[in-house]
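Each structure below is given as structure tokens.
Here come two complexes built around chain A, the first alongside chain B, the second alongside chain C.
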Partner chain A sequence: MKILLTVHDKSIAPRFDQATEVIIAEHDGHRMVGDLRTIILSRRGAEDLSDLIVKEGIDCVVCGGIEENYYRFFTWKKITVFDGIIGSHSEALQMAISGTLRSGTILPSAVEE
Partner chain B sequence: MVWASRQEVTVVFLGILIFPVCHASNTLVLPMQKIKVLIISEEPEFTDILTDRLRSWGFTANAAGGGDEAMSMVTQSRPDVVILSLRSGHGHDLDTLSMIKNLDATIEVILLTCKGTAIAGMKGIEQGAFDCMHQPIELGVLIEKIRRAHAQRSVPYIKGFGVPLFPSILACEQVPELLSSLFA
Partner chain C sequence: MRDVFSTSFPDMAATSLLDSIPHGIAVIDRDLKIVAINEFLEALTGVVRADVTGVYVDFVLRSNIARRGRTFREVLSSGEPLVLDGDIVSRDRRKLPMQFTISPLRNRAEEVVGLVIVLDDLSAMVASVGLGADADVTDSIIGQSPKMREVFDLIPLMAHTEASVLITGETGTGKDKVAEAIHKSSSRAGKPFIKINCGALPESLLESELFGYVKGAFTGAVKDKPGMFRLAQGGTLFLTEIGDMPLPLQVKLLSVLDDREFFPLGGEKKIKVDVRIIAATHRPLKQRVAAGEFREDLYYRLNVLHLHLPPLRERETDTRFLLNHFLRFFAERTGSSAKNFNDEALRRLMAYPFPGNIRELRNIVEYCVNICQNREIDIEHLPKYLFSSPVPVDANLPTEVEPLALVQVVPGPQPIQETGKDWLALEKELIISALTQTRGNRSKAADILGWGRTTLWRKLKTHGLVTPPVPSNTSEET
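And now, the complex of A and B:
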């Protein structure tokens, strides 16, 4: 299963269309498979990011706020979207892998800040 | 057919002797040296992130917006590797590549292409760019290319041959004849 996280510095990007960087992770249901891949986007924009998500065959997107059109598009494409996530991307990834992440989760790292 | 003068043959032969030493010293010295990378792009956010990420991986990374600023930075800092972003509809972006190569042919240039710049990327390869990558770029792949470009830059060049010494020796089918003429 392939997970994509929209990233800004060390946190999940507050808005899907404002992400400048993404991290792609693969896991077999229990643990990570291979290394994390960091992809730097040449410019901000939901369109290019959506293309990348489809092209990469992503199964799960972890992001902050996302436009409804894109949310619908991904769910129509059978891509799970966890939106409204606030906190560090490493924490969000761990929770996504363990199956405990839910949309709107405010992660402990965000509360500490 | 004699294709090289005796002096050139001597230089090639000395290169054979020197290459293993250079190669060995690179493997010993390079991990302690910071590879100098210059990113040339008109997208400040992109250059900021890439510069930051490359620095965190141990590179000495700087960014320039393009044109004169880029060339003055190349002249001043003499980077090992330049990452040059090509823009659609800006054919003159390749002029920067030509200027860098004219200034110092050993500086390796990696081109970043996007929609509409694939042809420019191919032209760039013909003009001496090390490689081109389509955007968005994967950081791990770019880092690997930068390291390979730097390793290629470290291979000794002979003026007049225009190609790295070691491959030029391998490409020559007349090495035995050349060596025998050297000692004749």
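And now, the complex of A and C:
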């Protein structure tokens, strides 16, 4: 399963369409497979990011605020979206892998940073 | 380490002051972390102030003006207020144009200790009464038929009163869009528009969502929750699927509508609210009243102004208009080469009854645009489930198409008129057929039918096709 996180430094980026960096992780249902891949986007924009997500065959997107059109598009493409996440991307990734992440979650790390 | 300002501000009754201002407000410290937000901003962002105190401001605002915090730091260093236009992504995933006024906050020694950010919602000004001029055309209400023109004429009239509105219409006819258009055209346009689906939540959860609760009201209530009525203060509360609201809650809702005040769960203090109610349902409320499933007094209380949205099959010329409209929209958005439907595809689409109305039509066109690699959308680019649907013979079919040609080319069940069944019976058959085809997989069946899973689930319940709960180790998809 491939997970893409839109990131801003150590955190989940506040907005999907404003993200300029993403991390792609793969896991086998229990643990990570291979290394995390970081991609710096040449420009910010939801369209380019959506293309990347589809081309990469992503199964799950973890992000901050996302517009309804893109949310519906991903849902239609059978891509799970956890949006409105606030906190560190490493914590969000762990929770996504363990199946405990929910949309709108404010992670403990959000206050610590 | 948080300074005196950060720790003392919430205790200075300043939050009450902030809550009285009808704009989103965030107070932040010099580290750009939230010290306080008001109820209006809670409603916009969907966060609760207690959860976000100490969180970096833009994670909460989700704006496009922060420039990694540089904008706020510039105001901190210059000490000069700054006004900027930008946007935020709201709790309900809408991009809302905002004017941000960022002002320094000073202590008695005139030192800048933080910032106050005021968000002024510009969407009411930008949206041009919400009827067709939005940048995102899918958020608009579109139609040319006389029945829709009647609806368009009524929206401004309904916007200029404070009375409750009841919007009825089949699923996918645009009840949500009309409710939002009424709000945006009203004097409450700059205030929150909060939507809650009364059919999607169990009774106890719906009650706490609507009316909120106080800390300690029940196990797990570790902090106060304001509830949708309070979050919509000064604005509009849109209660969709009101026909599915449980009876005990109907009593409480009626009481709030009459008295404009209520007790939150576990609360001892009455909360006064100024909220306009717009309700919507796809169910025949009068029949539910007769069956004792909906309170008659609430029905009359909500039904002060009634707006019925016609199904697509009654909107004569709109089907073709909407097909072309969404084709242009999706082709532009996806960069597809598809420019038009050929006669055969158009004939099939025009003959289809669109039980899911505009939502279904939109999804079908989106599917076609994604599948089609040519300039012209052919019959082979249409979703397969259209071919297992009944094809009614319609006298109003496009004249350039030979009516009999398709009937011979495309295999399918008999036309609706010849079955002697009503649409509900046919719909039930279609659902059973799709589920049989997919061996009970609801997601795949929903795809075949062109509906979302929620719509399919609701229709399964309507038709009494819901199976008993399955063992916990069974896949959710089945």
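Operating definition for what follows: the second predicted complex is superposed on the first by the 112 of 113 C-alpha atoms of A that agree within 3 Å, B and C clash if a C-alpha of one lies under 4 Å from a C-alpha of the other, contacts with A are read in each partner's own complex, and residues count from 1 in each chain.
One rule holds for everything that comes next: a residue touches a chain if its C-beta (ideal position, glycine included) is under 8 Å from a C-beta of that chain, and two chains touch if they have at least 3 such contacts.
The shown structure was predicted, so the numbers you read here are calculated from the model rather than taken from an experiment.
Asker: Quick one: chain B and chain C on chain A, clash or fit?
Answerer: Overlaying the two structures gives chain B and chain C room side by side.
Asker: Regarding the shared-chain residue A:111, is it in contact with chain B (first), chain C (second), both, or neither?
Answerer: Once the two structures are laid over each other on A, A:111 reaches chain C alone.
Asker: Between chain B and chain C, point out the one touching more chain A residues.
Answerer: C
Asker: In the superposed arrangement, which partner chain does A:28 touch: chain B (first), chain C (second), both, or neither?
Answerer: Touch partners of A:28: none, neither chain B nor chain C.
Asker: A:40 in the overlay: touching chain B, chain C, both, or neither? Say first, second, both or neither.
Answerer: The first partner, chain B, only.
Asker: Could you read off the angle at the CA centre of chain A, spanning the centres of chain B and chain C, to the nearest 10°?
Answerer: Taking the centre of chain A as apex, the angle works out to 140 degrees.
Asker: In the overlay, answer first, second, both or neither for which of chain B and chain C A:48 touches.
Answerer: first
Asker: With both complexes superposed on chain A, which partner does A:68 reach: first (chain B), second (chain C), both or neither?
Answerer: second
Asker: With the superposition applied, I'd like the minimum CA-CA separation between chain B and chain C in Å.
Answerer: Least C-alpha distance: 10 Å.
Asker: Quick one: which bits of chain B touch chain A in the complex? Just the residue numbers, please.
Answerer: The contact residues of chain B facing chain A are 43, 45-46, 49-50, 53, 85, 112, 114, 135-140.
Asker: How about chain C: which of its residues touch chain A in the complex?
Answerer: Against chain A, the touching part of chain C is residues 46-47, 51-56, 58-64, 66, 68, 88-95, 136, 138, 363, 366.
Asker: Give the list of chain A residues in touch with chain B in this complex.
Answerer: The touching residues are 20-21, 35, 37-44, 48, 52.
Asker: Quick check: in the complex, which residue numbers of chain A touch chain C?
Answerer: Interface residues on chain A, with respect to chain C: 8, 11-12, 14-18, 64-69, 71, 76, 83-84, 86, 104, 106, 110-111, 113.
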